[in-house]
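Next come two complexes, and both contain chain A; in the first it sits with chain B, in the second with chain C.
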Partner chain A sequence: MMHLPVQLTWLIPTLPAAAAAVIAVVPARRPGLGAGLALAALAGSLILAVLALGGALADPATRLTHTFTWFAVGHGAIRLGWLLDPLGTLLAVMVAAVGLLIFTFSLGYLREDPRAKQFFCFLSLFAGAMLGLLLANSLLLLFVCWELVGLASYLLIGFWFQRPAAAQAARKAFITTRIGDLGLLLGLVWLQDATGTLLLFDGGRGVLEAEALSTLAGATTVGGLAVSTAIGLLLFCGAAGKSGQVPLHVWLPDAMEGPTPVSALIHAATMVAAGVFLVARVFPLLAADLALPLAPVHALSVVAAVGAVTSLFGAAVAVAQDDIKRVLAFSTVSQLGYMMLAAGTGAWTAAIFHLLTHACFKALLFLGAGSVIHATHHEQDIRRLGGLRERLPVTGATFAVGMMALAGVPFLFSGFWSKEAILHAAHGWAVSQLPFLVALAAVALTAFYMTRLLAEVFAGAPRGHGAETAHESPAVMTIPLVVLAIASVSLGFLGTPWWPWLQRTLDPTFKAEAGGAGLMAVSIALVATGILAGWTRYGRHPRSDARAPDPLARSVPRLHGALAARLGCDELYAATLGRLNAALAAAASALDRSVWDGCVRFLARLGVYAGIVSRETDEKALNGGFNAAGDGLRASGRAYARTQTGDAHGYVWMLAAGFVLLALGALLGEAR
Partner chain B sequence: MNSWPILTLVVLAPWAGAALLGLRPGLGDRASRWLGLAFSLSTAALGAALLAGFDPARPGLQFVERHAWIRSLNVHYHLGLDGLSLVLVLLTAAVAPAAQLSGWGRAGPARVPTLLLLLLQGAALGVFLAQDFFPWFTCWELSLVPAYFLIRLWGGPGAARAAYQFVIYTIGGSAFLLAGFAALFASTGTFDFGQLAQLGRDGALTEQLGPWGVRAAFAGVLLGLAVKVPLWPFHTWLPPAYAAAPTGTVMLLTGVLSKMGMYGFLRLLWPLFPAQLHAAAPALLALAVAGIVLGAWAALRQEDLRRMLAYSSINHLGYCLAALFAVAAAAGGERPAAEAAAAALAGLVLQLFNHGVTAAALFLGVGILEARAGGRSGLGDFGGLRATAPALAAFAGVAFFASLGLPGLSGFVGEFLIFRGLFGLHPAAAVLALPGLLATAQFLLTAWRRVFHGPVQGAAAGFSPLTAAERSALVLLTVLMILPGVAPGILTSLTHPLVTAWAGHLTP
Partner chain C sequence: MSPLQACLVFSAALFSLGLIAVLVRSNAILVLLGVELMLNAANLNFIAFWRYGPTPAEGHGVVFVVFALAVAAAEAAVGLALVIALHRHQRNVHLGDARRLHG
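== the complex of A and B ==
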């Protein structure tokens, strides 16, 4: 098989990025041209990514890198580079493949939108930046691409920018993730300062190689933390922002204001997983402090704790959402929490396994939701849907596959295997069993809310006009669903406990551990409980009309209300951080208006007053000043004065004052 | 060494255009505009020649012209150019024609404003090229005259007061600067920057002026430059001036004239007073960081695009100041800081160029809005512009994101290098400056949402398309925001040996 030479890696991200640039300048009269170009470029990237993967798999132990100088600074240079290893290339293939399906789906979804050209431009920009992020051998290049996917995300969330909610959500997403990104940036400059490079692998001198790692773990900084811990946590800030981890998760549900294919591609399958990818990428750095048993905190423990909290939080809030996309959005938050939990407990290969399976089934679910929304004239409220099983047979069947994969229905579905790998890792974590128990609770909740979603949308009878008149979407939209459904089943078999091919490929030192049958039984029981509970409440007796209250709202109204309000995070932030920020802005502005401007006005008034008083004595003052500095200067001072504006009076006076001050200073200085 | 006095040509060409316009009172608007554009482009043409003849491997002055001028005062006509000057000449070459083009849609006679803009351009170039205090200060002060009249006569509401405050405040600062140099001259007998820098390095200045004398001279020069940049809290003249000035003038003010102050810091203050700057640097660094953070926060409060961008300029130049002060503070320290210092200084120079282009583009965008909205530039006066003016939105979008430091555009590289250097030299300052980056994103995206997004409302309805002049100016500046973002080497290579030499002075 042909392999991609590592020097040509740049082609993979550049093809879609160049397509975006071309689409941006072609006239809007040819919308088909833009879409065709975007698809062709991404298909090209997919082929190249597959070739790159082939090369990386052929010899997983040696990392193919290609480094080049961006520009010189001081005695060194800022160097960037590409890296072809199983982790990056595998995800690149996934991003290109899922992306291609979603691009195809978008052809149908946005057929009537007059700005479809722009949509494909932004999607291509996203694909290029995301592929660059995955294949970068430099944290700086990674950061550049990281911010560019953030830009693409901003543009696509706000695609329908005339809707205030969309405009607001886009801004919120950019700023919330930027909070995390500032941590990431700080981590980068620290890393550059401490090691002199931001290259990941550089023949022994990269930041992920033994020499740098031992230096970083050996030095301590504020609070007794190892430098590697502090930098690792700063990098994790960026990952947490991008991957919607609590407390920076608030932007992700709002991002659903974007067109649904965007939600599928960026806010479910690929970009939001970039945080998990980053954690996996810099895993050696995060794990460097494990060698220090006395460290006050280990970076990975923080990752695991944040992941555990996020997984439960997202699952709990998803239970009480009524918007089909928001249920899926909170489910994404929860699943990303799982991945972080896995990485935090050391099983980063399990995190990537779940990342891959989740990308397929979550893209499937979102595109299914898109198909529903498209078919029902933009109805997203599950209370007004229902009865779509007969009307949208392909969408319904594939959505059910996605639901079972996400819920972790045993054996046949990919989500089961990847989730099992995570639970296994959490169970074996030496530090604490708490994340494991939290994750188990989230397993049951996941099965519950997904059953609820499936039942509300597809079972029973239609409860709104949109659902009554729905027709199955065209083939350009349903074929991607079928392909993703097949992948949602088959991908799981890449990482079963009996044949953990994926884990071994990613990490040649991976060792499959025996046992876990008991654990598997527990998790199967929890999934069954969740599904059963969901079915008895929502499936057996579907609600009769859209206004009927949710069964949970009847039995536990206060809990349901709190969950429906997303546990008040947005309100809390607005009341604390938002207010603090506004107060600081007001203070900065007031400081200018009253204090500094007041000083200036005072000085000006003093100057005017002094000018009036000294008008008579001006000549003396001037002469006194000039005499102190010598005769020659008088001529030059006057020459200067003549070049000034007509308003020379005050100026000359100030000049004189300055001279007096200076002369005094000089005299005092000499006297000492 | 050169047969052609090319640097003299650089300075005189715009003035020749101004003279031509001045001598032909009957010249029509159209002819005046084309003449103004042609002469403002002279810097670009000569800049290309400079670029071709410039040897980036040499850190010293090139294309030097030195002639005795006023023998009794030992004043020389001394021009020279190093990498820093070249970058700023190229910046002027880009911003000045764009500023000329911005006025093409304006009603009323074009001859005098065009003339004044050319005068301003020549004065700025003189500042960037002069190597003797006498011609330098002449150009420094001369720049105020056209700026004053441009603001006073063609400015928006509040122009009279703003122009007065601008001129008096900066002249007030300059008086101290002049006094400082007068003291230096009185004791050393020279105005030459190179000779003074040598004396400063040797410590001879301190010997001759005495410790307090040299401190007073330092303080005077510092004050003059601090007002010009401006360094927080000497900035209060800036928002009213930027709010009132006509578009072309404000483009030159923020794009070029604000760089004069920073250039003075690098050419005058740091070389002449290394020890004094080192001693004052921690306090100055605190002021620079305050400017970064409070400038951004104050911008968040503004309800007018011009005032918001004015505060944004304070914030962005704060990064340059912070970089310099951090380097000066670290001089002679224990930490081997040459690499961090080189990064900070390289970032500083990049940031000068990038901020000049970006801020000019942003103000050009505001000018385009005002021209179609009856002079309004409030955040609440528009809405949904992206629907009615997609081309303007695309250009402005690039400028907004360049300004907030998006990688791939020009602002990022400079800010990354500055933060990388700042962290290496003074980690606390880097951490304290970070909220500035966040607040910048916040006010820019809030302004973007209010003006460009949402339903079409206010003055956004019935927006006429961009004129050819506006489009050319925007294209020019947009290219210059993308190119250095992708390939910063084209700028850093010009200053690389210079910056390395600067940073090398730190470690004795």
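== the complex of A and C ==
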């Protein structure tokens, strides 16, 4: 099989990025051309990524790197590079493949949007940046791509910027992730300062290689933290912002204001997983402090704790949401917490496994939601949906596959296997069993809310006009659903406990452990409980009309109310950070208006007075002299012009007269 | 009267005729003619002083005259072109009408 030379890795991200640049100048009245370009470029990237994956899999232990100098400054040089290893290339293939399906789906979803061209331009930019992020061998290059995907995410959430909610959500996403990125940037600067390089692997001198790791773990900083712990936590700030971890999760549910394919691609399958990818990528750095038993806190413990809190929080809040996309968004938050939990307990391969399967089934669920929204004329409220099983058979069937994969229905569906790997890792974590218990609770909740969602949308009778008149979406939208449904089933078999191919490929030192049968039984029981609870409350007696209260709101109204309000996180931020910011802004404004404006006005007044004085001297004193000189010149010119009669004959006469006078003068002079 | 004197008298008469023509005629072509007469009067003086001068063997005078004739031919071409331009402008060649050079 042909392999991609590592020197040509740059082609993978550049193809979609170049396509974005070309689409930007393609005439807007031919949206088909832009979409075709985007699809072709991403297909090219997919082929190259598959070739790169082939090369990386041929020899998983060696890392193919290609380093080049970006610019030299002083004695050092900033070097960037590309890296082809199983982790990056596997995810690159996933991003390109899921992206291709979602691009195809968008052809149908945005067929009537006049700005479809921009949409494909932004999507291509995103795909290029995301692929660059995955394949970078330098944290700096990774950071550049990281910010680019943030930009693309901002542009796409605010794609329908005419709607104030979308513009607001785009700003919120951008600012919230920026807070995390500040930590990431600080971490990078510190890392560069401590090791002198930001390359991941550089023949023994990279930051993820033994020499740098032992230096970083050996030095301590404030509070007795190892430098590696501090840097790792700063890097994790960026990962937490991007991956919507508590407390920076608030932007992700609001990001659902963007077009649904965007929610599927960026805010479910790929970009939000970048944080998990980053944690997996710098895992050796995060794990470097494990060798220090006396460290006050281990970086990975923080990761596991944040992941556990997030997974439970997302799953609990998702139970009480009424917007089909918000349920999926909080589910994404919860699943990302899962992945962080896995990475924190040391099983980063399980995190990546779950990342891959989650990307497929969450993209499937979001595209299914998009298909529902498209078919019901933009109805997203599950209280007004219902009864879509007969009307949207393909969407319904594939959505059910996605739901079962997410809920972790045993054996057939990929979500079961990846979740199993995470539970196994959490169970085996030596530090604490708390994350394991939290994860078990989240398993039951996930099964419950997904059953609720499926029952509310597809079972029962239609409860709104949009649901009554729904028709199945065109083939260009249903085919990606079917493909993703197949992948949602089959991907799970790459990492079963009996044949952990994926884990072994990612991490050659991975050892499969036996004895998970009891654990598996517990998780199956929890899934069954969740589904059963969801079915008895929502499936068996579907609500009769859109205004009927939620069964949960009847039995536990206060808990339901708190969960529906997302436990008040947004309100808390508005009351604390938002108010602090507003107070600071008001103070700055007052300072500006009273103090600085006064200074500026005083200076301006001085200038005006100086101008008046200058004008008076000019007009009264200086101008008189120049005017007199000018008048004299003009008068003398007029007098001289009078001699220029223009009469040629007159000139000749004067010539002759002059000659006669000269001759007379000469004669008289000679006579004397 | 020596031949030189006769020549000089003749050339002075020729010059005066030319000057009178230049001064009194108002037709531009005739004024040009007068200028030519004056030029040739000067040329005649060159020849006369050379022929009856101290070194008649060397060709100084003839060289002067040939140059002067060549320049005169160029000057006549320019003058006639001016006359044609004048005619285009005012449909005649009357010098009294050409007063656009006044300051």
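In this text, the second predicted complex is superposed on the first by the 587 of 672 C-alpha atoms of A that agree within 3 Å, B and C clash if a C-alpha of one lies under 4 Å from a C-alpha of the other, contacts with A are read in each partner's own complex, and residues count from 1 in each chain.
Simple rule for what comes next: contacts are C-beta pairs under 8 Å (C-beta built on N, C-alpha and C of every residue); 3 or more make two chains touch, one makes a residue touch a chain.
Since this is a predicted model, take the numbers as computed values, not measurements.
J.: Which partner does A:Pro164 reach: the first (chain B), the second (chain C), both, or neither?
T.: In the superposition, A:Pro164 touches chain B alone.
J.: Comparing chain C with chain B, which touches more residues belonging to chain A?
T.: For chain A, the partner with the higher number of touched residues is B.
J.: Quick one: classify A:Gly518 as touching chain B (first), chain C (second), both or neither.
T.: neither
J.: Look at A:Pro114 in the shared chain and tell me whether it touches chain B only, chain C only, both, or neither; answer first, second, both or neither.
T.: Neither partner.
J.: Under the contact rule defined above, give the chain A residues that sit at the interface with chain B and also at the interface with chain C.
T.: 640, 643-645, 647
J.: Under the touch definition given earlier, write down the residues of chain C that touch chain A in their complex.
T.: Interface residues on the chain C side: 19, 22-23, 26, 31, 95-96, 98-103.
J.: Of all residues in chain B, which touch chain A in the complex?
T.: Its residues touching chain A are 72-73, 134, 137-138, 141-142, 144-145, 148, 165, 167-169, 171-172, 175-176, 178-180, 182-183, 185-186, 209-217, 220, 233, 235-237, 239, 293-295, 297-298, 300-302, 338-343, 346, 384, 386-387, 394, 401, 406-408, 412, 416-417, 419-420, 422-424, 427, 430-431, 434, 437-439, 441-442, 445-446, 448-449, 452-456, 487-489, 492-493, 496, 499-500, 503.
J.: Across the complex, what residues on chain A touch chain C?
T.: Residues 640-649, 652-653, 656 of chain A touch chain C in their complex.
J.: What residues on chain A touch chain B, complex-wise?
T.: 24, 70-76, 140, 143-145, 147-148, 151, 158, 161-162, 164, 166-168, 170-171, 174-175, 178-179, 182, 185-186, 188-190, 192-193, 196, 581-582, 584-589, 591-592, 595-597, 599-600, 604, 629-630, 632-633, 635-637, 640, 643-645, 647, 650-651, 654-655, 658-659, 661-662, 665-666, 668-670, 672
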